[in-house]
Structure formats: C-alpha cells, structure tokens
Amino acid sequence: MTTHVLELHPDRLLPADPATRAIARALYDSVKGLPIVSPHGHTDPFWFAGNAPFANATDLLLTPDHYLFRMLYSQGVPLDALGVRNPQADPREAWRLLAQHYHLFRGTPSRMWLDWVFVHVFGMEVSLSQGTSDLYYDTITDRLATDALRPRSLFDRHGIELIATTESPLDTLEHHAAIRAENAREGGWQGRVITAYRPDPVIDPEFEGFATNLGLFSDLTGEDCFTWSGYLAAHRQRRAFFAGMGATSTDHGHPTPRTADLSEADARALFETICSGRFSTQDAELFRAQMLTEMAAMSVDDGLVMQIHPGSFRNHNARLFERFGRDKGADIPMRTEFVANLKPLLDRFGNDPRLSIILFTLDESVYARELAPLAGHYPCLKLGPAWWFHDSPEGMRRFRHMTTETAGFYNTVGFNDDTRALLSIPARHDVARRIDCGFLAQLVVEHRIAEWEAAELAQDLTYNLAKKAYKL
Amino acid sequence: MTTHVLELHPDRLLPADPATRAIARALYDSVKGLPIVSPHGHTDPFWFAGNAPFANATDLLLTPDHYLFRMLYSQGVPLDALGVRNPQADPREAWRLLAQHYHLFRGTPSRMWLDWVFVHVFGMEVSLSQGTSDLYYDTITDRLATDALRPRSLFDRHGIELIATTESPLDTLEHHAAIRAENAREGGWQGRVITAYRPDPVIDPEFEGFATNLGLFSDLTGEDCFTWSGYLAAHRQRRAFFAGMGATSTDHGHPTPRTADLSEADARALFETICSGRFSTQDAELFRAQMLTEMAAMSVDDGLVMQIHPGSFRNHNARLFERFGRDKGADIPMRTEFVANLKPLLDRFGNDPRLSIILFTLDESVYARELAPLAGHYPCLKLGPAWWFHDSPEGMRRFRHMTTETAGFYNTVGFNDDTRALLSIPARHDVARRIDCGFLAQLVVEHRIAEWEAAELAQDLTYNLAKKAYKL
Amino acid sequence: MTTHVLELHPDRLLPADPATRAIARALYDSVKGLPIVSPHGHTDPFWFAGNAPFANATDLLLTPDHYLFRMLYSQGVPLDALGVRNPQADPREAWRLLAQHYHLFRGTPSRMWLDWVFVHVFGMEVSLSQGTSDLYYDTITDRLATDALRPRSLFDRHGIELIATTESPLDTLEHHAAIRAENAREGGWQGRVITAYRPDPVIDPEFEGFATNLGLFSDLTGEDCFTWSGYLAAHRQRRAFFAGMGATSTDHGHPTPRTADLSEADARALFETICSGRFSTQDAELFRAQMLTEMAAMSVDDGLVMQIHPGSFRNHNARLFERFGRDKGADIPMRTEFVANLKPLLDRFGNDPRLSIILFTLDESVYARELAPLAGHYPCLKLGPAWWFHDSPEGMRRFRHMTTETAGFYNTVGFNDDTRALLSIPARHDVARRIDCGFLAQLVVEHRIAEWEAAELAQDLTYNLAKKAYKL
C-alpha cells in the first residue's frame, strides 16, 4: 500500500490555458480573502449557541453527510456500518470504510471539500486511504478537542461574516436568541447567525405529521390554525417573529414550482379539505401552489425574500426510508417546469417592486430555456446559484455558460453553500470563487468583457450580490 | 467616474488556446469579407423603400430592441421611462437610463452587438457609461442625419447581398414593390430585399383579430375565406403573389411544432368550428397543426421553403401585455417536442424531394436528442441556426457541439440574424463567423477534420449553405 | 479534383491545450494496447463460426451501416441506389455514391471510424473522394479476399479479448455452439464470443410477429407460452441455456424504462389480455413494464446483468419502413423519464446485492438530473456509456462532464461499442480511450485528481470496469 502526498495546488480549478489561468489567478487573488456571506444553509444554530467541541471524525464528517454515504451505499457499503441510525457502530471502523472506499469520490466535489478540510483544518499531509485511516481518525479526533476547533472559532477563523440557518415555523429559535444575547453581551462573541423561515412542515399536506404540526402551530401562535384566516394570521405572526430574529428570507422546498391564485372562497374551501385529511394528491399540490402565492403576498408586506427550491423526489428509496428515515441520499431530481407553473403568482405580483423571489433548480435543462429568460424579464425574479448535485465545478460552469447571456450576472445572487457541514463552508465558497473567476477569465481572454469589468464582477459575484439579494 | 477605452479586439470570440486561435483566425480572415446573406429577419422594408434617415440614438437603438429593455425592466427600470409606448419620454433621458445600467449587459450578446455598432458605425472610442451618455447620444444622433447612415447606404456599406423581411398575407407589399421599381430604375439602388410569407395572423385562431383578419383576407383575395376551399385558395393566391415579390420561404411561429393530417372532411369541419368562433384551445392547436401540413402541401407545389419557429410562450407577463402590447421582452421559451409532433406531416411528405423545412428551437435539449437525428435522416428537414436567446456565442457553440456529430454540417443552413435592428446585422453575422471558425479550428486542432476541409466548411457555413437552403 | 493525403494524427481527439495534451497522451499511451473487451454489441456470430471472407467494400462497410445511409438519404441519395434491399444495385456504383458524398460526414464519428479502418485495415494513404472511389473499392475488395482479413484474424489482430453478441430467445445459438466447439478443439481458435439474452421479440406485444413468436417460444422450450406460468418458465429455461453459452447479461430495448410490480393475479390477467391480441397500447406498455420487473426477479436468481436501452422511437419514417424494413436509420430518440418509471422495480429489488442493472439513454438531459443521482445511490444501478448517437467524441465528453461529479467513475461500466460493424470495433474503442484520457487529463491539469489516480482510472475505464460490471 503506497502512501501518497496530499497537497492543494494553488491553481486548482482554474482553466488550463496559461493565458486564461493567469487572468483567473489574478481575479481569484483579488477575492479569495473576502468575507464569507452564507445566506442559505442548514448548519445547526445550537453549535454557535453552545460552542461545544465536536466529538470525533466520523460524527463530524461522515455520519451527517448524505453526499458521502450515498456514494458508499451505491457501492454496497451498508448504512448501519457507517453509523447511520446505528449508535452501536464503532466510529473508527466506520471511518475505515470511508478511507477504504475513498477512490469512489475521485472527480466529485465531496472529495475536493474533504481534502480542503483535511489540509486547511487538520493539517494532513498524506492522502486518505486504507493505510492512513487511523492516522486520520486520531489526528482529527484529537484536534477537535482543542478550542481552535470549536464552532465559534471556526466561524471566525474562516472569515464568515454571516450565516443563515433554516428553521420551521414551529421552532422556538431559542438558540438564535442565545446567540443574539451573546452578541449583545459586552465582550461577547460577535458572529452573526440569522434564521430563515421554512414553512414546509405546516404548508405541505404530505409532510410527515402535517396535522399534528397544525396543532402545534395553533398552540405556538394562539391562532386557530384549522381555520383559513387563523392559519394565515399564524404565518404572519411567525414571519414577524423570525424577522425579529434576523430572518431576511423564507424558503420553500416543494416538489414542483406550481403556483395558484384562487379566489378567497376557493382557497378557504381547499384549506378545509386539507384540514379534513381527506384530500387527494391533486388537492395537496394545489394547496402548496396557493400557499406560494400567499407567501408572496406576505413578502410584499414584510419584505422577506422568497427562495423556491423545487424538483426533488424525496425519499425515493422506500425501504431505506422506512428503516433510516429522511435525508439519506435517496432524493432524486425530477424534470421541472417553471413557465406555466409560476404564471399565476407572476400574474398577481410579478411586476411589484416590493417582491423578490430567488429560484433554484435541479433540472439544468431549464437554465437557458426557462429560468434565464424569466429572470431576464421579471423584476421580482433572481436566479439562485447551481444547487445541490450541481454545486460542483462542472455544475457551476454550466450554470454560468447557460444563464449569463440571457439573464446577465446581475439577475443572479452570488453563492449559497446550502450545507449542514460547517467545515465544508469555506471549501465550498472557495470552489465557487475559483470557478467564477475562471469563467470571467474566459470572457476576458475572448475579449467579451474588459479586465476592469471582470475585476468588478468578481467582487460582485463573491460578495455584493449576496448582500443585496438577501437584504443583508 | 472613470472613463474606459472602447476597443474591439481583432481576436474576440476566438478560442483561447494559441494554436486553436491561430487556425481560427486564419479561417475567419478567409470569410470575414464575404457578402452578408440574411434570409430571415424582421427589418422594415419601408426603410429601404423610403431611405429616410433615422431620428436619434434612442429611437434607433433602444426603443425597438426588446433585448435591451427586457434586461433594464428586470432590474426595475420602468418601460415608459425608456419611451416604450410613451411619446412623452425624453429620448435623451431614456438613453441615460441605458448608459447608467450598461453594466447589466456584461457577458450578453446585446453588449457585443452594441459595442460593434458604437465602434464601426459611430466611431466611438470610449465605453458607454453614465459619464459618456450625452457624448454618445449627441454623436449618434448627429451622424444619423448624414447620408452615409441612411438605410440604403448602411445596406451597401456592410456588404449585404440580400435581406428577407417577413410579412403577413394581409400585407400589400407596397414597399417591396417600390424597392423593386427602384432596382429596375436605371441607375437605381440595387439592394435586394425580398419578403417571406408569415401567415400566423390568418392561421392561428388565437392571434389577436383573427376573425377580422379572415375578412381582410377575403377582401384582398376575392375568395370567401370563411369556406375551407376559399380559405386554401386565398393562401395559394397570396403565396404566388409573395413569390412574385421575391419570397422563397414561408415562416410559422406556432406555440408547438404539432402537425396533423386530417381527412378533407374533418379538416373542413374543423375550419367551420374555428370560423364559428366557438372553438376550444384544443381546436385551435389542431387547426394550426393541420395548417402546417396544408402549407407543406402548397410548398410541394410552389417550392417555397418552410420555416418553423415553435416554442415561445408569447406575452407571458399579462399586465405588461395589457399596458404595452406584444413583443416587449416577455416571451418565454417552453419545452418543445418534435418527434411525435412532426410525424403526421412527415408521414405524408417527409420523403418528397420537392419539400424543404427548416426547423428552429428555443429548447436546446432537443438539439442532440430530436433535431439532429431527424435532420440526419429526413431529406426534407434542415436545422436552422441557434435562435433568439441562443443567437449568442455560447448558444452557437452548444448548437454546433450538439448537432454536428449526428446531423453533420450539411443539414444546417448557415446563419440567420432574425432581427429588427438593421445596425446589428453585420455585428451578428460577424459573431456567427467567429464562433463557427472557432468551432472548426477545434476540429482541426483535434485532428478531426483537415485544414482544407475547415476552409471549405467556413465558406459553406458563412455563405453557400444559406444560398442553397433558401434557394437564393 | 485534388487528392488529399489521409493520415491519422497520433494526437487526434486529445485536448488542444499543450499541458493537458501531454498528460492525456501519456495516459493514452498507457492504455492504448490493452485488450478490447466488447460486452455489448451486434456482430454476427456466424462470422466467427464460419470464418468466411467478406465480399466487397460496399457489402462490408456501406450496406449494413445505418449511420452511413441515413446521412446519405438525408441529402437525397436513394436507398436502393446504395444497395439497401436491392440486390440489383452495382456495389461499385453504390460505393461511388458514398465517395462522392463523403464530405457530408465531416465532423461525425462515422468519418473517424471509417478513416481509421481505411488506414489501419486497408493501408489507404489518400482520402476517400469521388476521384479515389475506385481505388478504394478495388483495394478494399482485393484485401478482403486475403486470410488476414477473415473474421477470426481480425478478432485476433485487433486484440479483442471477448465479444458479446445479442440474440433473441428464439435463436438456437448454433453459431455460438460451433465457436465453443472450435475453442475446445485442440489447436482451435481461442477467440471468446458469448451471447446476450435479448427477449424483446417475445416480451414486446408490439414487436412484429409477437404472437407467432410465442408459438415458436413454446415449440422451442416445450412450455405452453400462452399461459403465464409456462411463459415465465420458458424465459427461465432459455436464460439458463444462454448462460450456458456464455451469456452474462440480458438486454431490453423498450420504448420507455417504465417498470411495474403487479400482483401475480393482475400480471396473469394482463398476460391473458396480451395473448388474446385485443390489447391497447397502454396494455402493451404495462406488460413491458411488468416484464422488466420479472426479468429483474430472474436476474436475482441467475445473476445475469440487466441492460436497459430505452427511448428510441423505432421506424419513425412510415413509408421507408414499409419499403425497406427495420433499422434503416429512421429511429429517433425521445424524451425519457427514469425517476418515476424505475420506482416499482427499485421498490422491489433496488437494495438487493444480487441484482445489477446497467442503464443507457438517448436523452442526455437525464444524465445529470436523473441517472447520475440514481446510480450514485442505488447499489443495483450502474450507468452504461454514451450510446448510439452519443457514441462520439462530444457525446462521450458530455457524458463524463455530466455524470462524474454525482455518480463518480465507479458507477459506470467502461465502454460498449454496440455495433454490427466488426471493423469499426477497434476504432470505436480507440475513440473512447482517447476521450476518457482527455477528460482525466483535464481533471489532472485542474488539480482535481492526482496523476497516479488518473493512471489508475485510465486502466479502470478502459478495462477493469467492463470486466467487473459484466461479470466477465
């Protein structure tokens, strides 16, 4: 078993052509040190409220990362051996499974993010492999016990200016309250952690526990959430509460981007059907559609930016879902249609300057055909960055190549890391900066924009657009 | 406010790799001076008939260009401030709005076309920006008053060999008649301007004023266009008239490429339903479908080449349409299906050597999957160039990369500018020549074709294929 | 008429950038001599059983190649003049038609494969053209008469380790038996030629002669194939027979990848409807869907790897089909959906380690959206290489760029040539090796993988993955 050196080349991900690479490198050098703005993600606010150290390599890097165990599972590694829903699993043995199969990740973003973390956070100098598995496990686990690797230190050390987390309306936001108290304390930690309003559990009638959730929603707000007016009032109340905790955005993870604009009477009748529990899948889809428009109406009033993340077939693997639950790497993208689906909402609010909607997709065939033309026309629409499976070098390149000519750069919103993996945040932003600078360099070397424009754009794509689009 | 130099680099849009660029440059040099053949577009024949000077920068370059005001509108600039349907708007102030937002166009084809016009037509040497807005406005407006910038001079100066415009069957073609008279006059202007038969207003039952149009169609032709046989006879008559005015093609802008091949009795019954005004959207779609096949039948007889431009959801923004009308940048592409949709027409005429159909799409996902395989088999089918949002460097590259291996080059038809913007015509053809030469250079440098073949192909793609496909 | 030199450049198809090309060249040099494993294709086992010489250039290279005559037909060359279903056609004249139109193939893979054959098999030194047509025809036809160009010699000379052919369950496999007898003979030819089980003729109710085929299936197996249990037993019996003749895989060419998992009673009732001949297109589709799941069930037992090749609209040109029959270049790809379609089968067997399914597509829009996420999760799923129209340099590049980041390399299965054209097999594998090495070189030069990893991957993509995936 040979051991290989692990190094991160300073030019990684920059275009191969020397002239283009030189321009890209200069652009990248001008933005690599800018603060990280993370306006959409899924880190746990408890980390920053409590600031407890992470336990070990497996618990930190493997067990919570469905990008990793989906790939291992696809090659026959059982999930329970990795410690997924299995507290009996030995974390050191689980780590060995990762190490032994690390070649599976060649050419994937997971590999790049992990290597970045191994080098920059843990100082590793050899590649992860069967032979170095224990060295890795011990080194990482040891360092996690040091103060420098507690959550707040990591936040500060990596130049994070702001992180948005994502919470259900049923969340009490106590961790956010604790962080704000810490921020306000004299000499307290100054990291800025805000929430975002993700109402799927009380909007999607097919969400597990939906009826129970409406009961909790009533309890929490004092509204009768089984009446249409009480239900809407509860949303308004929680949105205001979330905004008070720093939220500047909402987030909607529906199966499709369908919207509707029913009359008040029809909307109420539909809601009653939903509350009765005797609804069809069509009713559920129509209710989600109507609620996107209701959320837009509230955004017109309270200014929260809407994010729509459609097109994932959740929990596609039925047996795995039964045994291991949600978010186990079995969400599969579906074809997604925006032009007809968004029309009812756009017919009502598409020209309202108070509304801002950021669209994401897992279906790249809509970038050039639907999303760029929509965002290049409607004042309320912006394009979120390449998302999830497409949050990758090739994915980002396709995004820029297919959207820029029609939507321009200024109808996009900078980068989102969208992650639960705190350590990967700087690695992911670094990839985005490199790829964007490479794309800008291509435009310069083909004389499609001037170098001074590319320099401005690099700042905008890295920092300014996210701040503006998310009202930060 | 810094002022930046405006220069067009001689190597713009050529590939970055030096060896590839050298080959591309040599190919481009061999075709850059070839005459422009513009077989499909939307310039106004009145310009060439009347030869009056254009009024000012805004009226010429901004107000008629929906590529420009769609982007400005997407970033919150009101259309009336730009002078769209608002004669009160100050054209100088409108121009300032463009100048101030010119950065929005970075990376877009509009920016390249405009810069080309600024340099080559108006001799500008600094970039358009807030600080240079009035300089631009005054320079352009002044020069427009000179003879060198009248329509016929521009036509000649830019080496245009032929322009096809597009007219409704209800058009009397008086401007074309005037141009032909001028052509025939001793010492008269020799520019060749032909028409194309675009029957949507009398074929699409959902077109504004369709019923009225059938009445006008009857008046113009002396046929009773409310009977199926009279209606078809009227088409035949107008097609012959258009062909007499130089037309070699028809053009069909249907929502989908659906075709049908009904029995005569069913077609007649459907037409009666359409004429009654009590038709469903399905009836309208079926009628358009049947009429594509009827048009193909007439093309078999009279030799006019059919162009099918499907897949645009017209006037998607309902409020904007109410207030500002058609063609205001709110047409959004839709997913488009060709394989099943074209089958009825192809079953009837697909193997007839007298028929020629040129297919366009806004849905790039069909290039490799449907269009290239269809055009690589059926003798009647050819592929139109990258269209509309895809008439851009990246769009053209994707077109060549996704169609060439299956359809070859010789089932494509050269470039179309498809524009209303006279000044942009040479800029657009120049982009196409550069991108095609870059693509050919890639094939050469990868040793997939020989240099002598690339040289032949450059001539064919620039000039010969358009002449042949459009029978010019 | 100029005659042009024909040369195959040693660096053809490698990336243009010099640093990338150097890496690609080194990788290619390390794999170019590896044995050819051809686990899926359509060569005729009779060739190897009989080892008779091929007749002439046209019969060998033109008449059986629908890639060639589809392109010629698209430009107006009549099929009968090429000798397709026309024994009267003069093969020398047919060859002249190809020579005269050889420019149509510029930029296509057919051109590359043919040129490879011309140089490496026939030693040609000038390009094929009208002027060299007879030289080509005579040279090729003469050499075909030599022993060196008999099928077994070609097999050995090109380093083919194994070829799989594809047969119907109704095939008696006598040629395979003859080859195995030859293999077993002392001093006999050692080429390994195996079969694959392609049951479409007895599974697809819309296949020509389906009812007759069920009768033959009964005769051959002694089962009553008009009863559900007899029909399934017949499949099991023939699968075992095919496995005995070396088969390690089955192959399914359905219009869609739809699967179903009916109750036994419903499946039996559906089969009875199918056998009655009074079935709807929906019934036929559901039956094919159910049979994919039945085939998966049998694969769990007997270990045959399933291949699913969906999405081709067969015989799209109705008149051509009537006159010339199947496989005449008129098969057109259709949009294909995998996520919902595969779910019934995956719900039943998706986590079973005994099952292996290789998915192919003609719809590239599903690579990144559906196929890579599915293969990157389900242990039973692997991705077949770029197929048919996409078995081309650009097609292979898109495949790697769109699947690698999500599925990795190790959920792919190496290259398939999928051809009837024996001589093109080494040419096709050579293209795949060059393109894969070019892609790996890009990853190296962008510092996404190390050179030692690329070297390992080059071996895996060229040889190891095919052996493993097909259990060879």
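Some observations on this one:
Labels A, B and C are assigned to the chains in the order they are written; within every chain, residues are numbered from 1.
Assume a residue touches a chain if its C-beta (ideal position, glycine included) is under 8 Å from a C-beta of that chain, and two chains touch if they have at least 3 such contacts.
Owing to the predicted nature of the structure, the values given are computational and were not obtained by experimental measurement.
Interface note: chain A and chain B, two copies of one sequence, contact each other through mostly non-matching residue numbers (shared numbers fall below half of all numbers used). Remark: rotation between chain B and chain C after Cα superposition is 120° (nearest 5).
The distance from the centre of chain A to the centre of chain B, each centre being the mean of the chain's C-alpha atoms, comes to 40 Å. Shown for chain B are the residues that touch two or more other chains, namely 15, 17, 365. Taken in their complex, chain A has these residues touching chain C: 4, 8-9, 11-18, 70-71, 73-76, 103-109, 111-112, 127, 313, 316-320, 329-335, 362-365, 389-390, 392-395. Listing the residues of chain B that touch chain C in their complex gives 15, 17, 19-20, 337, 339-340, 343, 346-347, 350-351, 353, 365, 368-370, 372-379, 381, 401-402, 404-411, 442-443, 445-450, 452-453, 456-457.
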